[in-house]
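Read from first to last, the chains carry the letters A, B, C and D; within each, the first residue is number 1.
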Amino acid sequence: MIVLGGNQYGKAEIRLVRVDRSDSGSHTVRDLSVSVALSGALEATHLTGDNSAVLTTDAQKNTVYAFAAEYGVAEIEEFGLLLARHFVSSQPAISMARVSLEEYEWERIADTGHSFARSGREVRTSIATFDGEQSWVVSGLRDLVVLNSAGSEFWGFARDRYTTLAQTNDRILATAVNAQWRYAEPAAWDASYRTARDLLLTAFAQTHSYSLQQTLYAMGKRVLEGLPSVAEIRLSLPNKHHFEVDMSPYGLENKREVFYAADRPYGLIEGTILRDDAPPAGSAVWGGAW
Amino acid sequence: MIVLGGNQYGKAEIRLVRVDRSDSGSHTVRDLSVSVALSGALEATHLTGDNSAVLTTDAQKNTVYAFAAEYGVAEIEEFGLLLARHFVSSQPAISMARVSLEEYEWERIADTGHSFARSGREVRTSIATFDGEQSWVVSGLRDLVVLNSAGSEFWGFARDRYTTLAQTNDRILATAVNAQWRYAEPAAWDASYRTARDLLLTAFAQTHSYSLQQTLYAMGKRVLEGLPSVAEIRLSLPNKHHFEVDMSPYGLENKREVFYAADRPYGLIEGTILRDDAPPAGSAVWGGAW
Amino acid sequence: MIVLGGNQYGKAEIRLVRVDRSDSGSHTVRDLSVSVALSGALEATHLTGDNSAVLTTDAQKNTVYAFAAEYGVAEIEEFGLLLARHFVSSQPAISMARVSLEEYEWERIADTGHSFARSGREVRTSIATFDGEQSWVVSGLRDLVVLNSAGSEFWGFARDRYTTLAQTNDRILATAVNAQWRYAEPAAWDASYRTARDLLLTAFAQTHSYSLQQTLYAMGKRVLEGLPSVAEIRLSLPNKHHFEVDMSPYGLENKREVFYAADRPYGLIEGTILRDDAPPAGSAVWGGAW
Amino acid sequence: MIVLGGNQYGKAEIRLVRVDRSDSGSHTVRDLSVSVALSGALEATHLTGDNSAVLTTDAQKNTVYAFAAEYGVAEIEEFGLLLARHFVSSQPAISMARVSLEEYEWERIADTGHSFARSGREVRTSIATFDGEQSWVVSGLRDLVVLNSAGSEFWGFARDRYTTLAQTNDRILATAVNAQWRYAEPAAWDASYRTARDLLLTAFAQTHSYSLQQTLYAMGKRVLEGLPSVAEIRLSLPNKHHFEVDMSPYGLENKREVFYAADRPYGLIEGTILRDDAPPAGSAVWGGAW
């Protein structure tokens, strides 16, 4: 027999800019993309088109804007939890809500108090899940692009018929950090984010690297050591290859100064670092395929 | 204690174009993006930078090209399985291999036998997994953009304080079909793909829709009914909103003819349809977040 | 002294889907992105912020939707001209209007008369310009991706110190055709488009090529020969390199069957083909940098 | 008769990362995308496929890397001029060379001297042109995203049948600055860039705005006032609409705090500001359509 399995629905990529004017001389801007996914007793709409249990995705969007007005947006984790709890507690059919948030950072310009430039650095992320009883928060960042021009080697690897790569004890190591960490308990969200970001950067910079895997592990370990409230971290690190250009055909020497930054293909290194006594992940969700 | 958890690594987005010249009067082109992900006994490289168990991602790339030369690329499922089996069987440290493939279709132009235009239709996908004993194949497609200009209603939904959407018994229904189906057994891969694609399209066209959820379920059910080798299908359908433009402010009537195609936000409807006696999914992998 | 030079403003990327329901059994869909750019006596708004001559870009958007309701959308060239004439003739300050249009093709699916799939092939384009007296139409297409797996050579080129490329008498030739042609007079727009597209494809397929420049010229010449109303055509052809993979390091022969499709860098070949008695281009505009 | 008109060719998007290790304790990284376009006596390759005058685009790519090794990359303007002069002076057939450059900024992290994070701010651009005698430099930036949460009004505009926009004396003004300025003479390129960027930002922040056109003019004027070597500046400013969400349907008041950041359509405001005694633009080229 053919049956309905797991399912969810919601409004995705609700673009919300919240201006805090409480200090008229110095505004604050928070710039988010919010996605809602709800699940529960939704068989009827799938099987017969009976929508009586379906809160429209349009209403979900309205709720995001309304809550931004009523409660403000202080920290994305808190805002996500507030929304997730609302949908489950107010909709009888909904037993689980997931709210995924991205935040884009703005920096002040000039001295006007109301002028900003988008920083363009990494995107901050968070996914809040609530099942009626328990809640989970997975926070992170993506597209933090970093590069070490020294302190990276790669040699001693396995060899097979198809292995042609030269060994090196001095290569460029570059990646776009995509990290997500699961909180075991509520935390000072903004402060924890800043700490995690700093730890990722310093671990990347300070690790003398024999493989991107080693750097990945060092980065994750550093975050767990520095943030007791984090139980587990997952990193997905594309190896953004920088190939040394061979100039011998035209009689020049490349003193490891000139590199071709390749697009595709790229290595992709993914790993989890966790505490051996980490509480179970339960219904926590991780964004992306990993 | 802090420990290493799940991890994998490989080369991603290896762009491979394979020309079959065996019929010199009429070439065949297959155009792929191949991504490899390997896992196994890889603690050493993470913890100490000892790479002796690491087959380089460069060698993985070479293998993809070499196998395309040695064995050709007939069906992406078969090519993916061939590669997955190779990595596990030839590398002692590797216990699981996943090979993800995308295929871009080309159509013949003119009568030359060697001229082609990229069709630009959906992307065909497949993920082959092998763990040393068993293999799994999940195939699918993404970005098949479809639209019904009649036969779609949406009313009778739940209402709360934030619900403002008008009910309608005639709306445009449009989506970009992202579907992935898990095979319970080997199949005639190319033929099954064409059948699944046809079934998705006809189910979308022929279902009088009261919700996108209902259409999703009908599409998935149709594939399972038509393909006995498929155990389960997952669909992720963005509701590509087409809003009827209100022309009353300038004294015109919009006879449901003029629509604004919105980008964001969008509804996102995701669901699984499966046989109640489907074999367990085991180590099968699904691309994307869903 | 610092002065205001050339300027224009308007609403860009107005997404319009027009459903023709006049035959209730068989709808027609036209799917456009429309951009308006107006210029004229607009010094005041730049110098003092006096907006009395500024038709809002919001009203421009409304006009596009209103005209789609009132007049339908038969051919994008005609629709563009209609809009361009309207803005100049109705707004005293506006002396020149440019309307740029993109069209995305849909194909019928099943036999319902109201179900469609986006074809995903090339994007059709047109730019209509009106200056109060005269009008110009430049039409074209972009992202028509084509490939010849035979019939392409490249040798006998200039050599300098930095030249290392091997000569070849059998390479893959692939490009994404971006073409724009200027009409000297009104034409049967839809029919001319189809003819131009066919001529571009057949010229690409049938030209034995010694350089992409030669193919470019052959393609342009063919369009001018086939369409008397076209005065001039510009082509911008990225050379989408397909590099033959060298398998000698692992003891395999690549019989020109396995290729790496590179992203960047790419060759970019751009050229104009025109009639020597072509009327002057006047205020005709070409999209893109070329 | 059908003839060949204007044409050019070259290698596009050559990705070059140049590491300066001259201070071993503190490396410097410059990260560029370089595109070359050459024109001249190139009829033969178009008309007959005779490539004897064609310097391969592959050799152009090699030249970019070789020059980066031989001469370093101090300022992109200088590097572009060096390359442009080389191609014209060394290739008999080439009478004009244009070298377009993009630069991506990196910031130091930690205290290692060799670790960097990509800043993600605007992209710096430059186009150098050389015709055998004279050279031109147009420099600029793109994607500098800025927002004013106060100090922006829009009212008193023209009204027609299709005008429905409400007047406002307090709106969010946001744009992605795309600016290009033409130098009348050589300048201190890096310092001029920083000055131009600062002037654009402060003019945006400090201008009480009655229209985006007025802000555009103020930004351009400020750059010309501050940089005597700049003859002309062109700005292309998308009006990134932030719509105040209407919450009256659910009984809430939006105190101009909650906004929907729209994607499309968007206003697009483009203008030139120049000195009335600016030398003629000659063969200077501007990137993009404007």
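Here is the rule we use: a contact is a pair of C-beta atoms (placed from the backbone, for glycine too) under 8 Å apart; a residue touches a chain by one contact, two chains touch by 3 or more.
Being a predicted model, the structure only gives us computed values, none of them experimental.
J.: Taking contact as defined at the start, I'd like the list of chains shared as neighbours by chain C and chain D.
T.: A, B
J.: Compute the centre of every chain as the mean of its C-alpha atoms, then state which one is farthest from the centre of chain A.
T.: Following the centroid criterion, the farthest chain would be C.
J.: How far is the middle of chain B from the middle of chain D, if each middle is the mean of its Cα atoms, in Å?
T.: Distance between chain centres, rounded to whole Å: 38 Å.
J.: Quick one: chain A and chain D, Cα centre-to-centre, how many Å?
T.: So the centroids are 30 Å from each other.
J.: Would you mind pulling out the distance in Å between where the CA atoms of chain A average out and where those of chain B do?
T.: Their C-alpha centroids are separated by 23 Å.
J.: Quick check on chain D: which residues sit in contact with 2+ other chains?
T.: Each of 15, 62, 66, 162, 164, 249-250, 263-264 in chain D touches at least two other chains.
J.: Quick check: in the complex, which residue numbers of chain B touch chain C?
T.: So the residues of chain B touching chain C come out as 15-21, 27, 29, 31, 62, 65-66, 68-70, 106, 109-110, 112-122, 143-151, 172, 201-202, 204-206, 242, 245, 247, 249-250, 252-263.
J.: Please give the residue numbers of chain D that touch chain B in the complex, ascending.
T.: Touching chain B: residues 161-162, 164, 249-251, 263-264 of chain D.
J.: If you look only at chain B, which of its residues touch chain A in the complex?
T.: Within the complex, chain B contacts chain A at residues 1-15, 33, 35, 37, 42, 45-63, 66, 90-91, 93, 154-160, 162-165, 209-211, 213-214, 216-217, 221, 224-225, 232, 238-239, 264-277, 287-289.
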